[in-house]
């Protein structure tokens, strides 16, 4: 139950800008599957293009963090933000990139601990130690 | 400016339960520094002990995720939860565990992307694709 | 699947305080449709009345912001707070007040950008520039 | 007290990628002032460039929402996300774009109402009315 | 460092609508102290009046929850929402209404537990058990 | 639709660590019903055990706050965090511990008020009054 129309492949084929992104998603991911996030975002072809380019660059480009580590961070943010769709899709992505059940369990234990201590630090209004200041 | 008293070392020395945790923090971390979070939490020696034990187990025990990866996840959660103290203390922890500037930049790029797409998925109320269901 | 009973029109007709609000909703909106939010809120007739009065005053009264602008702000807050029901109902309200697809796309682009920079500013713990202080 | 170094103009002058963005900020805004957000973001010149380009496109490009309306939406999101820095900087931006005290008051009344009803709808777990489904 | 002017008593004395609320706050609370929240809200006398009336009714009226229990709930919400000002002011209010250190410790232990399990339930996307449905 | 497998009783019977917790849940609660949260958490028997022990200690142990008051605080946190599952399960728990409709209505009125004033205080960036500082 979305707030916008979800674009079918037929819809996308009638809009070159959308079709180009859907095609690129399929090529990059080596899969015919285009998940609903992109089908909803297709209502704004400009944002569709930009988000997809950002995803490719942030999640897939060479870097010092592995693609799997980036997915774990993504799940952590999505959980804290309460985004049901994102938790689902990125847990699936992490599994596709090799996340083991043990890694998932460790991820959740860190998320659970951080959520607890975040709340405690906020309730206590703990002042930041001067030593933590970078300057 | 905290909502509770911050325990000095002198205060801690007068309470064996608090002193025991402060001592253990110093031994485990091989440092005399006890940061304000623990000094605030000391008002409840039971929770102080439990949180410290949880931190040791979740953040330091052997596992499949490296201690640095766990810190990155911690920063991600703390950022999404808007915990200023936790962002400061765990960014410092991550640096102490070897986080490079490049890794920090990549962490922030994932946090920024996830925050953007979390909001978009929520505004669009994207339905979860059936393929993401584990069952 | 709600945590309280949803009041049917028959239920409402048996409680004058609830009936009065439902009647007013229908008159003000020139529609027979009373959405589930009010049917859930009806379990506390006092809060039902107060929230409805606040909605009329904040969303419908004369002012310098147009009714549509107010709906856009409402959607923005509801998205950031992750309220699925509110995103749905206020996106529908905004459309009923004339929101175009282009305006919806622009709204989402601002929400997406703000969510990204909010997270970055928090992760970086950027100090507020003195010039932003009103005093 | 930030988690990264804030780049001075002298620092920026030693890095062409950063200098180019700082220069563009000054030209576009017709002001010599570069606020701390950009000075913190400068630690990652790639993200600095991308966020600035996104800001120009989302907040300044021609569209159906006025620049002021976009700032009001930005403040709404930043408030709900609890980003102190962003609330400060975008309230200042909105004022610079002509926001009156009355408009600010109306903005806050919508934010306050939405925050109240968001919480109520979540606590009540109100089911989405079928009529709100776009499909 | 606020985004609006904080009204001094002298300012308030020049605006009958604001003065009336400040006077009532002093009478009801039997104290000359008017905290900054009201001095900031005074920029919109209508919202000032409405919020104060809501506070009196919700926090002080006769009911089945004690005034202290209501303050504990207020602190819990303010903590989860990351409102620093509100955590400070309502922790002080709770103490003024008799909250003991032990009660504060128990409050924090519940907040910490709920924050942990909230995050876990969201990361796991646990489906609601049919038995929890009220209907 | 969860991100992990939900453990059936048969699954649990094949894992002594999980079975021990499920058995204890049934004994402590004097009910055969084990809700989905525990069936999802069972994928990590260590966290399953720890969370259950924390629940017993925080929610059931002797203390100065009644078990019902603790449930109200739990609902407040879960609502502010937007955890649908937790709002459902703890509203049911509160009812099982005797929460009346009137108490539920009062709880919601405090949550609604706090959510409104949290947002206002954040939008106004109200500085904390020095008198609220504990030190």
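The letters A, B, C, D, E and F name the chains in turn, as written, and every chain counts its residues from 1.
Note that a residue touches a chain if its C-beta (ideal position, glycine included) is under 8 Å from a C-beta of that chain, and two chains touch if they have at least 3 such contacts.
The model shown is predicted, which means the values in this text are computed figures rather than measured ones.
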Can you name the chain that lies farthest from chain D, using the mean of each chain's Cα atoms as its centre?
F
Which listed pair, D-F, B-C or D-E, shares over half of the residue-numbered contact pairs seen at B-D?
D-E
Farthest from chain B in C-alpha centre terms, which chain would that be?
C
Report the inter-centroid distance (CA atoms only) between chain E and chain F in whole Å.
21
With centres defined as the mean C-alpha position, give me the chain C-chain F separation in Å.
27
Junction residues of chain D, two or more chains touched:
1-4, 6, 47, 51, 54, 77, 79-84, 87-88, 91, 107-109, 111-120, 122-125, 128, 132-133
How are the chains arranged in terms of who touches whom: line, ring, star, complete or other?
complete
Interface residues, chain E side, partner chain B - complex:
82, 87-88, 91, 101, 104-105, 108-109, 112, 119
Chain F residues touching chain A - in the complex, by the definition given at the top
1, 3-4, 43-44, 46-47, 51, 77, 81-83
In the complex of these two chains, what residues of chain D are touching chain F?
75, 79-80, 82, 84, 87-88, 91, 107-108, 111-120, 122-125
If we count contacts the way the header does, which residues on chain B are in touch with chain A in the complex?
1-4, 6, 33, 35-37, 40-41, 47, 51, 54-55, 58-59, 63-65, 69-70, 72-74, 76-81, 83-86, 88-92, 100, 102-103, 106-107, 109-129, 131-133
Mind pulling up the chain D residues that touch chain A in the complex?
1-6, 50, 54, 128, 132-135
